[in-house]
Amino acid sequence: MAALILGLLIQALQMLVVLATAPLLTGFVRKVKARALGRRGPPLIQPYRDLLRLTRKEAVVAENASWLFRATPYLVFAGTWVAASLVPTFASGLMFSWSADLIAIIALLGSARFFLALAGMDVGTAFGGIGSSREVTFASLAEPAMIMIVFTLALIAGSTQLSTIAAIFGQSDVGLRVSLGLALIALIMVAIAENGRIPVDNPATHLELTMVHEAMVLEYSGRHLAALELAASLKLLLYMSVIACVFVPWGIEAATPAAILLGLGAWAAKLAAGGALLALFETSIAKMRVFRVSNFMGAGLMLGLLATLLLFVSRSLL
Amino acid sequence: MTELSFDIAHLLAGGLVLVSFLLLYQDRIYALLNVYAAHAAVLAASVAWQAYVQDAPHLFITAAIALVFKAIVVPTALHRIVARLGIHRQIETVGGVGPTMLAGMALVALSLVVMLKVTGDADPLAREDLAFALSVVLLGLLMMVTRRNAVGQVVGFMSMENGLVLAATGAKGMPLVVEISVAFSILIAFIVIGIFLFRIRERFDTVDVAALDRFRGERQ
Amino acid sequence: MLTGVVLASVAAQLVVAVISVASGRRHAASPFVYAASAIICIAPMIALLSGAERGAVTLPLGLPWIGAHFAVDALSAFFLVVVNLGGAAAGLFAVGYGRHEAAPHRVLPFYPAFLAGMNLVVVANDAFTFLVSWEFMSLTSWALVMAHHRERNNAFAGYVYLVMAGAGTLALLLAFGLLAGAGGDYTFDAIRQNQLSPVFAGLVLTLALLGAGSKAGVVPLHVWLPLAHPAAPSHVSALMSGVMTKVAVYGFIRIVFDLMGTGQWWWATLVLALGAITAVMGVLYALMQHDLKRLLAYHTVENIGIIFIGLGLALAFRANGMTLAAALALTAALFHVLNHSLFKSLLFFGAGAVLTATGERDMEHLGGLIHRMPATAFLFLAGCVAISALPPLNGFVSEWLTFQAILLSPDLQQWDLRMLAPAAGALLALSAALAAACFVKAYGVTFLGRPRTPVAAGATETDRFSLAAMGIFAGICLIAGIFPGVVMDALAPVTQSLVGGRLPAQSGVAWLSIVPIEAGRSSYNGLLVFLFIAASTTLAASAIHRFASRAVRRAPPWDCGFPDPSPATQYTAASFAQPIRRIYGTIVFQAREHVQMPPPGSLAPAHFAATLRDLVWDELYQPVAGAVGIAADRLNRFQFLTVRRYLALVFGALVILLLLVALWPP
Amino acid sequence: MTGFTPEIAILVIPLVAAAVLAVIPGYRAGALLNVLACAATLLTAVSLFFIERSPPGTYFLVDDLNVVFIVLTTFVAFTTSIFSASYIGHELETGRLTPAYLRFYHAMYQLLMFGMNLSLTANNIGLMWVAIELATLTTVLMVGIYRTHEALEAAWKYFILGSVGIALALFGTILVYMAALPVIGEGIDAMVWTTLISRAAGFEPALLELAFVFLLLGYGTKAGLVPLHAWLPDAHAEGPTPISAVLSGLLLNVALYAVLRFKLLLAANPGTFAAGPLMAVLGLASLSFASFMLYRRRDIKRMFAYSSIEHMGIITFAFGMGGPLANFAGLLHMVMHSLTKSGIFFAVGHIAQAKGTQKIADIRGLTESHPLLGWGLVLGVVAIAGLPPLGIFMSEFLVVSSTFARQPLLAIPLVAGLLIGFGALVLRLQGLAFGAPSGASAPVKASYVPMFIHFALVLVAGLFLPRPLVEWFEHIARLLG
């Protein structure tokens, strides 16, 4: 009984923590970026302020927007939030982690994207169409790449459960493998594309011809925009947590409150490192042309497939 | 039967084959008709001899039919028709007379081989007879195929039919021979009348292919 | 007794067909005919659920010395549900939809007969009855395709369809000829006893792939499908796409899994490769379409590919004696069979509703229907989510199971299977993602945005019956998505009988989640995911509405400050698919873009044209047709010879035969 | 032979009817009498099933093999006579035929029946030969009855090729006699079929095979086997449609029946093996050739004539393959094809009269302009194309599957031919039956009863074969070896 309560507590805590941390991460990345560019940059809590301001504003909705347009932000937010809250962040062995394995998490993000792309087409403007079209095109390469990465991890860990994978990778007898290296690179590429970061997309741009994600949400304002922004930050957090819990799976196998604190610390450290790296990476390169993105993603897919095949071969060798 | 009678039958049958070759050789229409008359006459003789040898009197009827109808009536009728319809005297042949003769030789050889091969235990007279009959039939067919001229083809058909009668009479004691020869005569009569009625001058198929298509709408 | 009930329902359907012939051209009859056939469809399902004992029935019909054998086993029971569920829903839909039919006398008689044919195929228990029912099914559906015979394309569609169907039936006929042997005992029981030599077994597999595969729409035998399915009235399209292709899958399973016994492993490579190619090709074709019904038809091809991937895996595992894995793969395939029959019928119903409301199938002439037909739009959206394999609906579950099966493939013995399985997985993932893209396009262009034509602007919501039919299927999609364990348990007897193993019972698992192999390995809980999403959506929405603003102001669209009133500036289906066409189409369809830019300063409009080639048709079917044409022309000369030449033919034949006699060694 | 012997009656009735028809004026009376005579013949033929069969005589014979053919022939002759009664009226109105010709036509019709019944009941190979020649001559006259240029031309072609065929068949007959001579001895007995088959084991095999070559070519010309088929399409296309129906439905069968008789003879002789392969090869040739020829047809009657060649090929192939299954299938296919094809010609006749043309291109949308005719044609073509649930599917199923199980390589051309023919038929059918209707759409006053009776029979046979029929077929199939 106590275990159940504790489990529920941890699960709830996890949901709240990811929700609370996500904007911070975004702010942190922006800050580091600004510093790298020699600016002071906005304060870390700026994203919270933006969200609050947005939620207080009235929502301006295009005349011919349908109910789908207004429902989408909440659906996207919910989907991303649920996905994020099922990823072990500071503590593995989450209560409901078995309710959705890694494949299901990817699919959840997929549903979020599906509705967002639909919303982009709802008002019937040219830009919305551009955004949706490009988004689904890139996703059509990113998702198989992600599935291949899942295959790699699952074949090594013998499970598609993220917590199980993390646990197994935690006992460091997995050793270094070529496949894992490839998978890591592929995963990072996918993460960059999925979160619309440079070089695939620029979250800060409003240069019409290059934007993808921003074009879809172009018509949104007020609380709807807030929900979408939050969802975006959650997504970034989610991917970083995934990378963290798979490739640096230390400090998360624990259930005692002390260990949980430790885990929180470790997690924060990992996120900070990841965010910093991301910011530096983004500042160091330029955005690529839209139609070169497909090559980028194709490379990711190939890497993932290669990793899986290598694994099949090695599996057959031992 | 005696050696002599065998030789005579053999001679007559062989004669028929020879006359078939003469038919193949002809390229003048009247000459062709005359030779055909000879063909029928030889057949009549051979049938009569068979009738005598097998002492099967009913065969004499067949012989008579052959003599009267085929050797006299039909040729004269055809003479008339040729005159009436103003048919060319010259008979067009396919691939010339020489090759046709060679082909005829080959056919005779073929029929001899076939017949002597398959009729192991039949009596020799019948074997020879059948072999010659088959060659006459094949030569007749060959003639039908190589003659572009309607009369030539009719003659070919009739000579072929002579070969059949030869075979039928050669088959010892075969019943219905008379009926069959009568039936065939009717058939020939039909053909001759047809030629006359349908005004078939040069070929069996007066209408050329293009006209056919137009009539049948088989090509647009 | 179950088989009897099924046969009785078949007879009833045929009676309805005959009566509807009598009813002639009167529209008034059509609702009653459809209602009757729908009710008749329900009977076998009730008998099935009531657990009526299954027995074989032999009627003194068909081949005299064999008779017509019918039986219901686990496999046919499952497919009976698929067929009759689809039939019932289609009937309900058509009660409303049929009123708009221009020529009811060309549809009513064949519709019940079509259902009867499909039921017969599933319960047939000897080769002859099977083939008769199979071809009867094709024949009636052909008649339905030709219902709107005035459109020239329909004539072409019907022609290609019937010829392909005939070819497929001949292939199956040959397969059964091999299976039954020269003895001529065509009952399935006798066939199961026959042991085939490996070569013949491989031949039978190939023939089964040709026969059943062409009916199911496996690439490259799919060409008839996107022509025929859209040509039929929409409720028939739903049946053809949602149900008839499944009957074809049944035929394949019956022959390959049941009648042939455990086979060699290399069969799996063939099926797996074909399935993967079919899945990707199907969805790529679909992305290039702008005719709504044709797009859906191509998606049928894609889903058939997914099903065949599952079947191929099952074959591979079974050949390696991995019973549990085989059961998992087969369960995934059959689950997807059910799912696809549900959401594809739903989508075709929606397309039919749009068709009746606007008279348009071309998406480029539609748009903004979500305002005019809200209910249809909502239900169609559910279908789109389901077919795009997105949780928490059912489409995701079957694909998830397929992935789990693929993850078991490293334990296979054979190298090339081990290489093929992950590749198939990648292609499966690719096709899933592309399917999502395609349905964003389909839904976005058809229902969202602004109406592109007056007809689209003037559309009105469809009738109650159609909505009811769509609603029922959407509901089942959701239920199957959040309670997948029920379906998996229901499929256990089928896998037990076909691959000799079953998945662990899902009913006992806590929180109603599904655990195909073991808890530590993988699990999924549609219910919780659904609840989580629902809860957090409402939570977020209500919280924001409660504590922050709820005010909404309607305004003209922002559109980066250049709002354009003309709906022509919206993204079209073609422009939406353009990036995908560039990425994949350049190879697969040899897509080429031709741009004509006027010289600078000239006011002439620029022209853009994109050309696609259907390589399968051009390289595979055109040559055959051409060859037949040439041969026909050559031989046609024989119609126009002279009598002398004809005689020469006879003479030649005679001489040749005589030569044979002469030269034949005695 | 004392008292009532049906096999004699079915010969006498047509003869008498022919004589009467030749003299009575008035085509209505003639048509009626024609129907009545056919009905009477049919009844007597049916009685063959029930009354005690008289033992085979020197000239006549009724056994399991030919009783089926006799009943089939008389039945189709009967339905065709009904059809022709409703057909010729229109011909008279349009002036294509004069009353005098109609009298001739009816007389010839009965004479043809006589010829066919004679050749079926004949127990004497010579008599059979004479009978078939008679049947041929009568049909020649009827094909040419329209006196149009192409009709005469078709009749002439038919006549010449038929005569050559007759000649070859006679030579074959003589050879059979020669083969029987050493065993049976001189005289009529050596031509009596029952005697021949009882003693066939002792004959010289090589001679028998040579004889079979001639008989196959001779009677095969009548059966329209490629390359001896040339007369068939034109004869069908240019003659009156009832005659086309009789030709396709009956005369081809009679010719094949003759071939079968002699195949039985060879089967009874252990030394011979040539018959089967020969028939199989000719059958395949006919099937493939005809199915290609179907594509370029523009005359509807000629197209179905080629389809007859195709099916004759299938039947010949089946008998060539041999074995209980294939023989059964061959017999079944024979019966089914007669019923279906004559039914199709009934439909085609009315269609040609309704539309005033035989050109396929000018006939469209029948299911709209003439629903009954159109759907009837659809049904018929579906049947002839070998689609279930109609009868031909069953026979084709048996032929193909049994062949593939025994000779997989032979099955490939067979299936290819079937498929190609199928494609052509469906292509033409869709043009004829669907699309916007063309030409006159005035309703035709005609009785569709014969057509639908035939199709109904074919449908029933496709689903259910009555036990006695099956037993006959199986018995004959065993005889055919």
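Descriptive notes on the structure:
Here the chain labels run A, B, C and D in written order, and each chain numbers its own residues starting at 1.
We adopt the following convention: a residue touches a chain if its C-beta (ideal position, glycine included) is under 8 Å from a C-beta of that chain, and two chains touch if they have at least 3 such contacts.
Given the structure is predicted, the values throughout are model-derived calculations rather than measurements.
Any chain bridging subunit B and subunit C, meaning touching each of them, is among D; the list is complete. Put simply, the chain nearest the middle, going by average C-alpha positions, is C. C-beta contact counts were set side by side for C-D and A-C; A-C has more.
The distance from the centre of subunit C to the centre of subunit D, each centre being the mean of the chain's C-alpha atoms, comes to 44 Å. Taking each chain's centre as the mean of its C-alpha atoms, subunit A lies 35 Å from subunit C. Taking each chain's centre as the average of its CA atoms, subunit A and subunit D sit 78 Å apart.
Chain geometry summary: the mean Cα position of subunit A and that of subunit B are 99 Å apart. For subunit C, the set of residues touching two or more other chains reads 639, 641, 643, 647, 650, 654, 658, 661, 666. The multi-chain contact residues of subunit D, meaning those touching 2 or more other chains, are 156-157, 160, 164, 206, 209-210, 296. In subunit A, no residue reaches two or more other chains under the touch definition.
Remark: the chains found to touch one another pair up as A-C, B-C, B-D, C-D. Of all residues in subunit C, those touching subunit B in their complex are 639-644, 647-648, 650-651, 654-655, 658-659, 661-662, 666. Contact residues on subunit D toward subunit B in their complex (touch as defined above): 124, 126-127, 129-130, 133, 137, 149-150, 152-153, 156-157, 159-160, 163-164, 166-167, 170-171, 174-175, 177-178, 181-182, 186-188, 190-191, 204, 206-207, 209-210, 234, 237, 296-299, 302, 358-359, 361. On the subunit D side of its complex with subunit C, the touching residues are 156-157, 160-161, 164-165, 168, 206, 209-210, 213-214, 217, 221, 227-228, 230-231, 233, 278, 289, 292-293, 295-296, 323-325, 365, 367, 382, 385, 387-389, 393-394, 397-398, 400-406, 408, 411, 415, 418-420, 422-423, 426-427, 430-431, 434-436, 462-465, 467, 470.
Here subunit A touches subunit C in the complex through residues 55-64, 66-68, 70, 74-75, 77-79, 81-82, 96, 98-101, 103-104, 107-108, 110-111, 113-114, 117-118, 120-130, 132-134, 136-137, 139-144, 146-148, 151, 154-155, 158-161, 164, 206, 208, 218-219, 222-223, 226-227, 290-291, 294, 301, 304-305, 308-309, 311-313, 315-316, going by the rule given at the top. Those residues of subunit C whose C-beta lies close enough to touch subunit A in the complex are 367-368, 370-371, 374, 377, 381, 385, 388-391, 396, 400, 403-404, 406-407, 409-410, 415, 418-419, 421-423, 425-426, 429-430, 432-434, 436-437, 439-441, 443-445, 448-450, 511, 513, 519-525, 528-529, 532-534, 536-537, 540-541, 544, 548-549, 551-560, 563-564, 567, 569-571, 575-580, 582-583.
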